[in-house]
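Quick one: the structure is below, questions incoming.
We call the chains A, B, C and D, going by the order they appear; numbering starts again at 1 in every chain.
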Amino acid sequence: MKFSFKNDYSEGCHPNILQALLLHNTNQQAGYGEDEYSLQAKELIKQKIQKADSEIYFVSGGTQANLIVISSILRPYQCAISAATGHILNNETGAIEATGHKILSIEKEDGKLTPEDIIPVLENHRNIPHQVMPKLVYISNSTELGTIYTLGELEALSTFCKENKLYLFMDGARMGHGLTSEISDLTLEKVAELTDVFYLGGTKNGALIGEAIVINNQELQQDFAFNIKQKGALLAKGRVLGIQFLELMKDDLYFDLAKHANQQAMKIKNAMKEKGVQFLSDTYTNQIFPILNNEVIQKLSEKFEFYVWKKVDENFSAIRLITSWNTEDEPVNDFIEIIKTEL
Amino acid sequence: MKFSFKNDYSEGCHPNILQALLLHNTNQQAGYGEDEYSLQAKELIKQKIQKADSEIYFVSGGTQANLIVISSILRPYQCAISAATGHILNNETGAIEATGHKILSIEKEDGKLTPEDIIPVLENHRNIPHQVMPKLVYISNSTELGTIYTLGELEALSTFCKENKLYLFMDGARMGHGLTSEISDLTLEKVAELTDVFYLGGTKNGALIGEAIVINNQELQQDFAFNIKQKGALLAKGRVLGIQFLELMKDDLYFDLAKHANQQAMKIKNAMKEKGVQFLSDTYTNQIFPILNNEVIQKLSEKFEFYVWKKVDENFSAIRLITSWNTEDEPVNDFIEIIKTEL
Amino acid sequence: MKFSFKNDYSEGCHPNILQALLLHNTNQQAGYGEDEYSLQAKELIKQKIQKADSEIYFVSGGTQANLIVISSILRPYQCAISAATGHILNNETGAIEATGHKILSIEKEDGKLTPEDIIPVLENHRNIPHQVMPKLVYISNSTELGTIYTLGELEALSTFCKENKLYLFMDGARMGHGLTSEISDLTLEKVAELTDVFYLGGTKNGALIGEAIVINNQELQQDFAFNIKQKGALLAKGRVLGIQFLELMKDDLYFDLAKHANQQAMKIKNAMKEKGVQFLSDTYTNQIFPILNNEVIQKLSEKFEFYVWKKVDENFSAIRLITSWNTEDEPVNDFIEIIKTEL
Amino acid sequence: MKFSFKNDYSEGCHPNILQALLLHNTNQQAGYGEDEYSLQAKELIKQKIQKADSEIYFVSGGTQANLIVISSILRPYQCAISAATGHILNNETGAIEATGHKILSIEKEDGKLTPEDIIPVLENHRNIPHQVMPKLVYISNSTELGTIYTLGELEALSTFCKENKLYLFMDGARMGHGLTSEISDLTLEKVAELTDVFYLGGTKNGALIGEAIVINNQELQQDFAFNIKQKGALLAKGRVLGIQFLELMKDDLYFDLAKHANQQAMKIKNAMKEKGVQFLSDTYTNQIFPILNNEVIQKLSEKFEFYVWKKVDENFSAIRLITSWNTEDEPVNDFIEIIKTEL
């Protein structure tokens, strides 16, 4: 069977999680997130972010987190703003609009938003009450293109949002990868300080399921649990989420796993760079987009699975490679071997 | 710690499931339900129900299943009909209405619907276009009160629904318990034959998470997956659901677990009946509602957790006891012992 | 052609309105409610209710008013409470639920709600976050059954709502009829003082179209216009609504018209009472529900149109008669003549 | 007072309409669109479009028409496609998204869609079920920019939509202006033949309120009235809409009014062209977008109201002028006089 670099959710979960599920399996616990594991995991996350007054909720996946957060925050006539590459715009089957809210889209090469990007959107939505009211800025870190926000960039965005009464929401499906990138100067504490809401993605970083929504803005905390229940996201056995995040947060396993994924991607990237390969964008997380000639792509695809992302010209295309918490050295080395031979 | 009879989702999952998760953990699989375990589990369910042309989708929980099924079937102006005790009416934070649909409620002591119950509802909704159009009948088996449908009752309801162009949807959060009740003459094949859609509940019968939605009516199958994705219910690691249902369906583990839960409840029920205890309703599944005097309830609550369901008079209240796939003999015997001693 | 007592919107509008439309027809005005007529009409209403800080918006009809008000007030997980006879429950094709909100229904013979009716509903919705949160009490005056609230009743309800953090919303599709009822001790000023939102119905009281939504609670005023636009209720030629309410409010025409309608109904009612006729409910507005034997109903139906409302027994049924601002003496006297002859 | 060229809904309605309202004012009629005027008006429209099997419904305004039509056609996971200038995208406060549906936007200079514009949108939405499914193409004629579709363009679009199982919906808020443009080769019969649904706008063409929705595709006709009621758009006094469309359709008043508006705009346009004025787009309907230097704009604004649409450079801006059914010769000539003098 071919090894897959298609995504970071191809395998099960980190063994510690299965061990913990096994260990606690027959303990009777309260349902719906009131179990002791969930309570402990929440405390652990609050410690990590150094914010005792944040509230934390666990849900199963990213689309679910996005639709619950956004629909709980916005009034019916308010809308979200997102980079055109945003997951909520392209890969969630209109989940946000299905809750009644438009998303305004901004074209950005690198998938990141700046105050300068947002200003004209605000200016073009002043015809009250004939237009939606922009109220929430959706960003992701790392982004759907593998890029990341610097501390300075996030501070600027956060300040701008506060000044313009916009909520700032960070999709953290790949938060671990973003924060442990070798070029990142952002920390989880800073994310918590600078955003109104964010989430820590488990699904793409070693959990079976699970994202931890962290609500830092206290005005957005009220009654949040109702929204989770109403959208069908409140698991009867909330323990499944609690146990997983307890394991991931212990001893920083969460960050170790993400760092590992990043490092495996960087090995491939660096090997390619040595061979003069160009990239669609210059990423330092577990997603890379090398531009290769079609023959090399053909050769690689005999042994590996990956997405051909974008045709560049007659002879060249960009491919997308994603490594995971569980990507071992062997497939990485095999892949690099082919690159070295074929280029 | 007190043993809890509060519900059937207090423990983790059947050990076979954890073993299977462990066994397949590092196999790379396609995401979003295209993994081999999900495909196999779907085939196995189709065999059990003897309907090759049904379509099967796995989601995480009951509220999620209910809201996705109902919102995917109904046009904006159509509504569901449910017994007043229906889970969708009382325990889902308005999840169905949040998708835009009214639920018409019918008061029934036993939580079950008959054609005779539905006829007046249809008659009272003929003022076109000033009223919602009833289009879907929601039932559950076993019901929220622990009661079950007989084959004859389900046949009558199914025929009535077809004649009146109503879809029949059975909530099977406790399907196993309903079908393995000692007084049930209904089979899974018959459920599949007589309903348009139903689901097999995993969460309350030995899975960590998971309900298997079975769409028998082919006209309702089209594009169903879009609805799952849009509501945030499509797990990236669909394998988690596939592996669980594969284990549950193998060798009828699903039914064995439910039967066990029922039997433990019946032991308690019979012990009480011998002592002359009355019940709120005469159930034969894993939920029982004995009426006890307050002193006995007090005594029991020293060693056990359970819900006091309804005050009957000054001295007596009904309690709700729920047993599970994992309820062992010891707590059951201990509980019976107290009953024998105190009554 | 038979004269119709079927409802109070069978005719066009009061002649003053047509004259005003004619008079101002070619004046160019700003669109979307910024016309001078709308602005003047709003001022006039504020004077009538003695509340300078209320905000007023005109929309076309009652269902529209109800759905805009309720959906603008409630958060996604919150719901409305209504008497089971409420227009929003029975005659609006699920318009409220279509905006995502459940309505909890309370059975009441007279169509009116009291604190005592609401208390158990609140008590049965304490299972946070598994149930919708009751947040708005919907009442109508006069009610769908022609009954009215006394000042004392409204005060009690208003106090209760404030204590329980519930919003109080009065549907005033027939506000004129309610307030000018010979037994009413309620005034428009008091309605404005005791409710968070109410509306003055024009459609059923001499306008072509139009209801004036009055928002008394300032916290509910913010951004309200967005909701009107989003629901398709903001007329480009808002002047049509402004001119009508300007005419209706001038010299209390609005109340004169309603009083006239009430009086015509009372004439019929009194004539029947003299003949010993019983009524479904004892109303003092423009709706009456006399119980007549089938032969008399047959006789009346040869000359008049009306709804047979409810079968009482083999020989008797209740009919519903509605008079309007435009019901002249002749049909009323003719009707009474038959009653006198046949009973 | 300055004369306004700001829009085509600044005045009341055509005098014939007021006369008809007066004439029929006291006739008792059935409510909710079952009045004889509405029935007659529908028949008249069917004759005009030469399609006896189309169904017609009257609503109050354009946003209302758009949201009802689109939400009634689309399943929850389906979306609309629109030119980026589409009214539904920019000027309806997210009304379509509020019913749960995304709108995909296509940038077009002239505000018109072609098959070539739509093909890449379809190709970019093939990742089933992770993306919304495009299902309806929204166009307007005349467009928001005053441009129009030729017969050939509409035929090509219609064929493309049928081949790709897309519904074609034409917003006809300014249908009269589009069809009576001096360069139009399209007829109302052809519009009815080539679209699934369209509407005839009354509000911007001499009515007080009112758009006539025409459903040509029979599969979309079923139960449509429920949607109108549910969205709060079913007027109790439907006669108000029926009487207006009856007058507008009689003797082609509708088209005469639109032609008049167009001609007045063309007079101004031609006068400007003689002076060498450039236009943002080359329109032949009642909207023109001349580019003028700021001094001339200043001069004109002393006597006229209009929107400054777009800054072109330091010295020049485009303004928008709209003429209406009621724009008389005097203001047009006065305006032209200034142009002649100042340029």
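In this text, contacts are C-beta pairs under 8 Å (C-beta built on N, C-alpha and C of every residue); 3 or more make two chains touch, one makes a residue touch a chain.
Note that the coordinates shown come from a computational prediction; the quantities given were computed from them, not determined experimentally.
Considering every other chain in turn, the ones in contact with both chain C and chain D prove to be A, B. Seen from the Cα centre of chain B, the chain whose own Cα centre is farthest off is D. Between the CA-based centres of chain B and chain D the separation comes to 51 Å, rounded to the whole angstrom. Taking the mean of the C-alpha atoms as each chain's centre, chain B and chain C sit 43 Å apart. Of all residues in chain C, those touching 2 or more other chains are 76-77, 92-94, 98-100, 129-130, 132, 226, 229-230, 234, listed in ascending order.
Remark: chain B residues 32, 71-72, 75-77, 99-100, 128-130, 132-133, 223, 225-230, 234 touch chain D in the complex.
Only residues 1, 3-4, 7, 9-13, 15, 18, 21-22, 24-31, 59-68, 92-95, 98, 203-204, 208-209, 226, 229-237, 239-240, 326 of chain C touch chain D when the two sit together in their complex. Per the touch definition, chain C reaches chain B in the complex via residues 76-77, 79, 90-94, 97-102, 105, 127, 129-132.
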